Structures are given as structure tokens and as C-alpha cells.
Amino acid sequence: MAEILPLPVAVAELVRDGDSVAMEGFTHLIPFAAGHEMLRQGRRDLELIRMTPDLLYDQLIGAGAARRLVFSYGGNPGVGSLHRFRDAIEHDWPHPLEFEEHSHAGMAARYAAGAANLPFGILRGYAGTDLERRTAVERIACPFTGESLAAVPALRPDVAIIHAQEADHHGNVQLWGIPGVQKEAVLAATRSLVTVEQIVEELQPRPGGIVLPGWTIDAVAEAPGGSLPSYALGFTERDNDAYREWDAISRDRDRFRAWLAEHLLTTTEATA
Amino acid sequence: MTAVTGRAGRSRGGHRAATPEELQTVVAARRLGRARSCFIGVGRPSTAAILARMLHNPELVIVYESGTIGARPYRVPLSIGDDALAVSADAVVSVPEMFAYWVQGERIELAFLGAAQIDRYANLNSTVIGDYDAPRTRLPGAGGAPEISAGCHEVAIIVPHGRRTFVEQLDFRTTVGHGDGPGSRKRLGLRGAGPTAVYTELGVLEPDPEHLELTLTQVHPGVDPEQVRAATGWDLLVAEHLRETVPATAEELSALRELVAR
Amino acid sequence: MAEILPLPVAVAELVRDGDSVAMEGFTHLIPFAAGHEMLRQGRRDLELIRMTPDLLYDQLIGAGAARRLVFSYGGNPGVGSLHRFRDAIEHDWPHPLEFEEHSHAGMAARYAAGAANLPFGILRGYAGTDLERRTAVERIACPFTGESLAAVPALRPDVAIIHAQEADHHGNVQLWGIPGVQKEAVLAATRSLVTVEQIVEELQPRPGGIVLPGWTIDAVAEAPGGSLPSYALGFTERDNDAYREWDAISRDRDRFRAWLAEHLLTTTEATA
Amino acid sequence: MTAVTGRAGRSRGGHRAATPEELQTVVAARRLGRARSCFIGVGRPSTAAILARMLHNPELVIVYESGTIGARPYRVPLSIGDDALAVSADAVVSVPEMFAYWVQGERIELAFLGAAQIDRYANLNSTVIGDYDAPRTRLPGAGGAPEISAGCHEVAIIVPHGRRTFVEQLDFRTTVGHGDGPGSRKRLGLRGAGPTAVYTELGVLEPDPEHLELTLTQVHPGVDPEQVRAATGWDLLVAEHLRETVPATAEELSALRELVAR
């Protein structure tokens, strides 16, 4: 059964330095609050896994929390570059960043394989690309037709962190709207944390609702607005301006440092 | 030449003439007028698809890789996961399902892709400028493109026309278009037809039916083919019967501008 | 776009003698009306694919419509044997029946592979069973860990037939409740037919609702009560007595013949 | 001996004593009193699981292969897909997801299986009696059993006790229990612990901790171990310290009878 914990306690208990951490949410329901709590607690040496690193991982990378990044699309959606991500890869700032990149289809197959407890997933993919020489992918032959397919290794993160709209007191979680790859991330991980907009007496089944039973989750933490500046359908709206503003903040190391200092101060006070 | 240099002139109808970028979007939207379904990312492809639904093809099924199938966006989304997409869609599926059952399942007719670099066989780079291990510019990476290009029936490409984009040699092949030419896609097991058109602010390039090299087949009004060749990093072939783009109609332009202003 | 057709027309257009036909519905939403229409139209030489043949395939097998059966559990749920299925396999009545059997996990992986346009699916399964020697399964090694897994060939039926609660006038279909493997069956098949309880002006998204867009389906036919004696959640209740009574009817060839004659007569009149 | 022959006697409490089949269900329900989750088919396992939720373990998560997770059935369903299961469940998933993410994902603690034949290593036959190609009795087949036995943490088996069921040699090995003995499961890549108990109307058999052969470890009240050996098709081992089943309590019996009557 999931424990209902304050967010700082949940992060302290579940995320350790050196862990591989998958924080998912495809544009929708990105777990910013939990990521910022990791920043505040000064987690280091993490392997950060995420299809679309987005602002959240740009911030963690810029703060030096990541040893390694596993991803498939490192852009600021609709805006442009992730400058901290670029600075780390192009100029080793604040320190060198190992990385492994895939296609979306490959990452999705890797999570699905992890959730299904398979060592690998198969897809029609990667063939003929330079990606094939640069990442963890093998060719595999269909034993029935002889066709050549791509095999990708399963993702089995130490911790998965997602944001959802609601949980009940037993830690059963429901999310709806664009579901992304969150269910797979949680089921593939050894430990899991779900932040939610609210805790309710009883989950009411919703159209498009995905329910994760409490016994598949380690901790649930209430974090209203916890996916801003992304959004939680029915609760918050995407703050497109924040995505645009991040471009200027993150372009410059000093402005980023100032943002980080101010942000950590603010969140520390808020959670104190 | 006003109409293609980006400076706004006045057409006879009294509104500003189309900018080259507007015309690029309008031409792409026309292509979508005869598609049943299209797979698109954010930015210009998204604008073109919404415009196509407004003008030519209200039944066009728009699919975003965020998992929304049959979305009916009212405005151009900043991100492919905006809430309007989920709420208006016929169906919303997980990312693994999107790529397994829908893209790889070859259910989507036309995909629109962009890129930082494109070569003569319409292969695309969205990964890195410079050396992979010591990049000059690290780009976002593959996203859905490699498998979208493999699984959709056809691929259309929207890119800005210039020598930084149209290169002799990609720095990184993120997405296979026609590979090394005839037979490549088949050898690699790629199922769709691959790229069938490249839409730019200057015109339209299409793979030659025989040797598959991108060929300038259409120029926008006032564009000289030599201007296009100069903006292309390889010795660009020009079709014998070069077509000229039908100018953006007043209806197309006002719809586009209204959409962008929403 | 799916055409909305009367059921007899839809079956006549989509199902041909010799086809491989997958009729799915896991206990819930079994497409009896469509199957009975196939009986009435006298389809022959079919390859019938279904995880749980149930009464529906017992009837088709008994009537001699099947050349081959692909399945994973051939029982009358909660009651006992499928006697026509047994009579065909044990005594070649009414004629010899080829068959290929899998486990549920194997069949599910086969449908999922078909829907995903992959030539095979992988699972941890079959190892050490006698099934492995008797069916289409191969061992495959994980290229990353060396682990040995089972590979099963994708199912790509000529036609999939399912029953759902509702469709709109564009042929968009929604089903809810136990979803079984119907979505995969439709997406794996070359052609598809969906019978529905009702055609509505507009689909209202439902908790647990699965929507198949009209352009993934060839034909939709209205068939109220079309999954009886199984059920359609929210519309009909499972007729447990009919399942129990089938045991007696199907045990005896003459009683079965009488049922068939009477049933075809009734349905012919009803649809005339 | 009335209590185990199936003829109903009267206990001191005034109600009929447990029939052997009732006691079998009661004992299985007791086992489920300490499980977090169980995967079950219809029939006696389902009855035992619902009884366990009524009496011992209201938090027991019941999973049916039809896709219902955390179902709270009020009455014993005839089929695993009855509407009450879907409506009361915490989550309902597709069959491919059930087997991939939940069974193969090793999320379920205990599975209850039945079979037509069982051998000394708790391997099961639910496929055929007689020759596969010329069967005496064709059975329903594998269903979910092979992978359920592979993926759940533990397997419990409920079967009637007789020489037709407990056989020296299976006609067909549908589901691997402990294979050919120690090391078999590991060699085959089966991840769970395999069968840990067999519940019959006569008692309970458990695999010997060392050589894994099923051993009679518990008899129901009034049952002679020789009677169990006579009902077993191989030379059944009997534990040195044979336990006797605690008789069904009045509470257990009335709950079971109330449940069956619903």
C-alpha cells in the first residue's frame, strides 16, 4: 500500500544519490514539484531518464544533479533549445554529462518492456540511422519470417516519479487526459512516487482515467499545482509564458544561477 | 518579388500579400486537403493541418505523438500535449500504444516532419551540428521522427530553405528519407513510401520518380529557380516542367491569419 | 470511414468462405449476433480464431463452418465442456477440425503483435510445457542479457468481428467494461465489423471507454442484444441459464441439430 | 467419518457439519487470509477468495484474468467476466495488459489453479486425457495457467482427490509446477516459487523443501493418511509430523453457506 507522505519526506525516503530516476509526463502532468524537491534536497549523481527532458531536467542538469541522461527529445516544446542541456553536452557545464539517446518509439518500447518484466522490447525502428551506432540497440531476426527488427533493452529505473490528478486515502491513484508513458514508468520501476493535485475520499472513475492501485506505488504526496508550468487536465493550465521565459533565463549561466538560488530559497521557505 | 521576400506588400484585395512563410504553410495545407490522416509535430505542420481542416478537409484526422487521435484544435498549440488536443480528440492513447499500434501499425497516411538539415535523398538531421562527440550545436534529437518516417504511408517535410539546412552531407542521419537512393528503404525494412515532398518558402521539391534525388518541381510566384539552387547546398536538380505555385487566395490568407491570431 | 450496414449485408460483404475470422470478446461482449448471421449465410471452411471459443464457436464448429480453430481455452465457463468442440476434435464430427492451441498469454501477445504490425511477439512463457512441442512457438534469446524467451507469430486475421455498446453515425465505436482483446483484434485484422447495441448521435466519453475511430473499421451494424447470452455492460445481463442449458443441448448431436435447425429458422425469419 | 464423506451430519452447534468440499474451500480461504493479492479462475478458487475477503482479509486484492484488478464480487460469479467484477474493480485492463504488465510483471502474490491431472511435482494437465492426436477426452486447454504459474510469486492448487487426478504420469504437461524436481524451474526461467500447496477434500499436500515431491502434510479431521495414499496414483509420501486440519468453525461454515446461497 502506498504511504501518504509530505513531499519532502517522500523524496527523502525514495530518491537516493546515484539512483536512476524516471520522471514522466508527456507534456501533460510533468512532476515539477517533485523535481524541485530533489533540487532542494541536493540530490547528486543521478541517472535521469525521461523521453522529453523539458524544463524540469534542464533545471536538474543545470544544477549539476545529473551524472547521466537517457532521453529521446531534448527540446523546449514550441520554443526551441534546452540551454542547460546544451551547455552540459556542448561545454561540460557544470560538469560532463553522460547521455544515451533513443527515438520516442524506442523509449516507449523500453518502458513497456520494463513494465512487462521483459529484458527487451522489439520495434521496427532505428534501421539506417546514425542513432543505431550511438545507442543501445541490436538487430534481431523474427524466428518465423526472418525479418530484421530492432531490439532495445528494457528500462528498469530505481525510482519512477509521476504527477496525477488525484489519489484516495489508500494511495490508489487516478490520472486522466494525455496518459503518456507514466503507467509504464511506474510499473517498470523498483520504487515509485506519485504527487497528486488532491487526495479525495473515493476515486470516481473518469473517462480516459488510468488507475494505479495503491499497492503498485510506494508513496503518494499531495502537491497542488505540482505539474506547473506544465498542466494537470481539469486542475491547472499550461503556463506557456513560463516556457517562453525559460528560454531567456536558461540561455545565460548567471541568470540560471540566480533563478536557482531564488527558486531554492522560495521553495525551501514554502515547504519549511 | 515582394510576395516572396517577406516584406509585406498590398494585394489587389487590399490585404497584405502572403509572406514566403505564409505561402509555405498554405501550400502544405493544400497537400493536406487530400489526406485522410496526418501525423504532426508542433509549429508550422500543426498550423498547416489546422488550416487544412478549416479550408479544405474538415474530416482530416490529426494525430499528435502525445497520443491524441482525431484532435480538433481551435488554435495552434504551443505544445503537442496541450489540453485542447486531449479534450477534443476522438481517442487518446498512451505513448507506447501510439507508436506500436498507430505509427508502426501503418494507420496514418501522411506525416509532416521538420529538421535542422536535409540532404538530397531527404534524409534528416535533428540530432547534432558538428561532431557527435564534440558538437557545435546539440539539437533536441530524434523524438518520434525515425519511426514516423518508417511507418506513415508518406512523409512531407517542412523546412526553411537555405544552405545551412539543405546540405551536401548531413552531420548526423537521424531519420531516413530515401537513404542512399533507390532500394534503400526496402533494404532497411522501412514500409512507407518515404518523403514525397519538401515544402519551403521558395517552392516544392519532390524526389525524382526514378533516382529519388530531390528535384525542384515547383516555385512560388516570383521565385527564380537559380535562387533556389543558390539556397541549396548541393547541385539541385530542376524539373523540366517546373510548376508555379498558385498564389495564396484571399480565403487561404485570411483563414491563416485569423488562425495564427487566435 | 466505417459504413453503417444491416448485419446480413455487413457479414455478406466482409466474411468470405475460407477466411480467417477472429471474433473476440472475453466473456463480455461476445459477438453472437454476427456469428449467427454467419451460420445463417452458411459460411464454410473458416479459420476461426478466438481465445475462448465459448458457445459461439461451439455452434459454428458443430454446424461445420470451421476448417481450423486457433484458441487458448475451449470450455463452457463455469459449466464444463464445449461438446461440439470436443466432438469435432475427439470424433471428427461433423468433419475433421484442424486446430492450433496456445496459452492466453501467447494469444494475447500474438494479437498485440498483429496490432503493432510486428511479425512476432515475445513473452516469458511455454517453457517446459508440452504445448511448446505442439504449437507455433520458438525460443529467442535476449540480445542484451542472453535470457531465453518465447516468440509467438503475430495474428493477422482476414476479418475481426466484435460487439460494442455504441457507435455514432461516422462509425466511431465505443465499448466499456471488460475490454478483453477486442481493440487488438480489430487493429490486427485486414477487415473489421463491429456490431453495436445502439447507434447514437454522439459518443459520450465513458469511464473505461475504448474508442475505435470509424476509419479503423470497415462496417458497423446495429444489433441490439447482439452479444447475448453473453452480455453488454449497461445494456444486457449475462444469461447464465443459457450457458447451463447449452451443456444439455450440445451434448447430443441430434439435439444440437434440432437447435441449429430451429435457430436458423428463427433468425432467418427475424431478419427477413 | 460423516464429515469427510460428503454426507451431512449435525455438529454440536446444530448446523450441518462441513462436507469435504466445504472444508477444502475453507482451508483454501484460510491460506488467502495472509495473501495480499491472488489471481483466480472461476469455481472453487473464486469461492475461497470471496470467503477469505469476508472472513479473514478484507483487503485481499482479487485479480481475474478477464482483466479486473481488485474486484469485490458479492456473489460467486459463474464466469470470470461477470459484470459485477468489472463494476466493482479498482482497475480494469485489457487481456494483453493483464498478462504482460500484471502476471508476467510478477505483481501478484498467489495464484489458485485447478487441473484435470496433477503429478508428484505438481505439474498440471488441463489439455487432454489420452493421446494428444487421438484424445480420449479433450479438455479446455491451457488458458492462462502456464504463465500464471510462471509469473505469480506462489501457486496453490485446488483439485479433487482421486487416482484419476493424482497420476503417476500426466497425459500432457500443460503447466509446469516443479518440473522434474529441484532446479527445473530455474533452468526453465520460471520466476515465481511455483506450487506451495495442493488443497483437496482429504487434506493438504506440500512440496518437500528439499526434493520438491508433493508430500501429505495435513489431513482433514477423520481422514486416514492411508486413505489419501489410496486416492493418489503414485506412492505418496507422508510427512513425519502430519498436521490435522482445524475443523471449519461455525463462522466459516455459515459464511461459506451464506455466500454460496447468494
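Brief remarks follow.
Here the chain labels run A, B, C and D in written order, and each chain numbers its own residues starting at 1.
Please note the rule applied: a contact is a pair of C-beta atoms (placed from the backbone, for glycine too) under 8 Å apart; a residue touches a chain by one contact, two chains touch by 3 or more.
These figures come from a predicted structure and were not determined experimentally.
The chains that touch chain B as well as chain D are A, C.
By number of C-beta pairs in contact, C-D leads over the other of A-D and C-D. If each chain is reduced to the centroid of its CA atoms, chain A and chain C end up 39 Å from each other.
Centre-to-centre, using mean CA coordinates, chain A is 29 Å away from chain B.
Shared interface positions of chain B, i.e. residues touching 2 or more other chains, are given as 100, 104, 151, 191. Annotation for chain C: residues 112, 117-118, 123-124, 147, 149, 183-184, 208 touch two or more other chains.
On the side of chain D, the complex with chain A involves touching residues 36-37, 61, 69-70, 90-91, 100-101, 104-107, 151, 191.
Touching chain A in their complex are the following residues of chain B: 42-43, 65-68, 77-83, 85-87, 92-96, 98-100, 103-104, 127, 132, 135-147, 150-151, 172-176, 179, 184, 188-191. Those residues of chain A lying in contact with chain B across their complex are 26-28, 51-52, 71-75, 77-79, 81-82, 85-86, 89-90, 101-106, 108-109, 111-112, 123-131, 134, 147-149, 177-181, 183-184, 208, 230-231, 233, 237-238, 240, 243. Taken in their complex, chain A has these residues touching chain C: 117-120, 122-124, 136, 138, 140, 142-145, 147, 149, 151, 153, 205-209. Put simply, chain C touches chain B in their complex at residues 112, 115-118, 172, 183-184, 187, 211-213, 215-216.
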